[in-house]
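What follows is a pair of complexes built around chain A, which joins chain B in one and chain C in the other.
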Partner chain A sequence: MMDKNYWITETPIEPNDCIKKVARNEAGAVNTFIGTVREFTKDKRTLYLEYQAYVPMAEKKLAQIGEEIEQKWGDANTAIVHRIGRLEIADIAVVIAVSTPHRADAFEASRYAIERIKEIVPIWKKEHWEDGTKWIGDQKENKSYDKKIPSEEEMRDD
Partner chain B sequence: MMDKNYWITETPIEPNDCIKKVARNEAGAVNTFIGTVREFTKDKRTLYLEYQAYVPMAEKKLAQIGEEIEQKWGDANTAIVHRIGRLEIADIAVVIAVSTPHRADAFEASRYAIERIKEIVPIWKKEHWEDGTKWIGDQKENKSYDKKIPSEEEMRDD
Partner chain C sequence: MINVLFFADLREAAGSEKVSVEADGLSVSELKTKLLSSYELNNLDHAMVAVNEEYSQDDTLLKRGDVVAFIPPVSGG
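Moving on, here comes the complex of A and B:
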């Protein structure tokens, strides 16, 4: 468990590590989103995933999402952790926790966070399918980097 | 941690107890809602809360909410635990966890669950304010039972 609220890790994630960071007397609600490795996408079976990230930039972008949430929802505390490296089926890839005084804000802000992670955070997914193929894309799953992870230089343009 | 997915407890809640019940290979998303005891409501300070429930009926109604979610969202697994008795500030009163293949469903179903809990589950809240007053109401906070918890007989009409 890190001292900071936004971090990338190579070890298994405990949801409570995020939840504890945002719990506080002023909050009546905590919404937590947990993204896990799903075995099947339609009929296609995933064996395992690999996530790669440019870590300093990824943590900076996660923190930016937390700032955006504070601007939009006021009294919200956010913590986000994303795992990288090889992940097996059902492993936790990402946990978001947002605490707010009232529950509607916690739901909305948590939803906002996962969408923004997929939009702006430089983390790439390499999918290992049962039939042996690989697919590498960004988090929105709509762009292929042609089996090449962008260089750190390219990522700095993000 | 109980064998069932819907339960009332008098002991502190660990969010992971709910999360583990719904995690599975088919799910890519788990949404968790945690309701905690908030210290301030506007300028009024809460010292502590007491929750009371007609336990068999409360657990039955929680299970009903899980069934409603399955009907509405299809491939969703749900677990809900609500604590009763005396709760201090920041204690967890309720945890909902919903797993689904895709994230939008997990957010929607979890939100649905907390609204339904407040609508149909026979759990009453006694609020102990700093100024010595008490207030007893149902979970929607819009009905007072006139400082009297309904009898089990009255609750059976629910």
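Moving on, here comes the complex of A and C:
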């Protein structure tokens, strides 16, 4: 098991590795979000996905999300793992685990983490469809190319 | 020399994941101009820029040994 709470891996993700990192006596809740590879997006069929990351920066940005969660929700422990390389349909791409004393915070913080991943973490997904391929390159999967850099708040490092 | 990293569609467009460019003392935007003279990188202006693994602005000045990464809109998760 990795010795850090935020990491990128090329091998299949075991959600319990993430959960174990945040489980503790003070927690009344451990909320886990598991992101998986979807076969159909509307009528388009995905054959498989390919993920690429700027690994050292991605791990730093995942850790930054954990720090933001601590600032926003106080007593929260977070662990996040994202897989890269070729992923098949239904494979796990990302696991987020957050433990907090009370459940509401764990739910909210997990939601926050996945939204932030889609904003600031340098990881990219290439769709391999039956009729072609494409690097999916729009922030939060909405078109927003005009927003070239993160906001001041998003760029806060420490 | 400045080390430049490309990812995703930019990597495919550049045909390389890493190049060294003589750009010491240039700003990020001057580096972009220089790259655009050598490579067909239509989406370069859509990319965020990180210098030494932190998001940076176009006016950031580069120094020898810096690692500049062009980061197309991300799509993790």
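The definition used in the following text is that the second predicted complex is superposed on the first by the 136 of 158 C-alpha atoms of A that agree within 3 Å, B and C clash if a C-alpha of one lies under 4 Å from a C-alpha of the other, contacts with A are read in each partner's own complex, and residues count from 1 in each chain.
In the analysis below, a contact is a pair of C-beta atoms (placed from the backbone, for glycine too) under 8 Å apart; a residue touches a chain by one contact, two chains touch by 3 or more.
As the structure is a computational prediction, the values presented were derived from the model and not from experiment.
**Q** Looking at A:25 after the superposition, I want to know if it touches chain B, chain C, both of them or none. Which is it: first, second, both, neither?
**A** Once the two structures are laid over each other on A, A:25 reaches chain B alone.
**Q** After lining up the shared chain so the two structures overlap, which partner does A:106 touch, if you call chain B first and chain C second: first, second, both or neither?
**A** first
**Q** Should A:35 be classified as contacting the first partner (chain B), the second (chain C), both, or neither?
**A** Both: A:35 reaches chain B and chain C.
**Q** Between chain B (first) and chain C (second), which does A:114 come into contact with in this model arrangement: first, second, both, or neither?
**A** After superposition on chain A, A:114 lies in contact with both partners, chain B and chain C.
**Q** Does chain B (first) or chain C (second) touch A:125, or do both, or does neither?
**A** Second partner only, chain C.
**Q** Once the two structures are fitted together, what part of chain A is touched by chain B and by chain C alike?
**A** 35, 114
**Q** In the complex formed with chain A, which residues of chain B make contact?
**A** 14-16, 19, 23-40, 89-90, 99, 101, 103, 106-107, 110-111, 114
**Q** Taking the touch rule as given, give the residues of chain C at its contact with chain A in the complex, in rising order.
**A** It comes out as residues 5, 7-9, 11-12, 43, 45-50, 53-55, 57, 69, 71-77.
**Q** Spell out the part of chain A that touches chain C in their complex, as residue ranges.
**A** 35, 51-54, 56-58, 60, 82, 93-94, 114, 117-126, 135-139, 141, 144-145, 148-150, 154-155, 157
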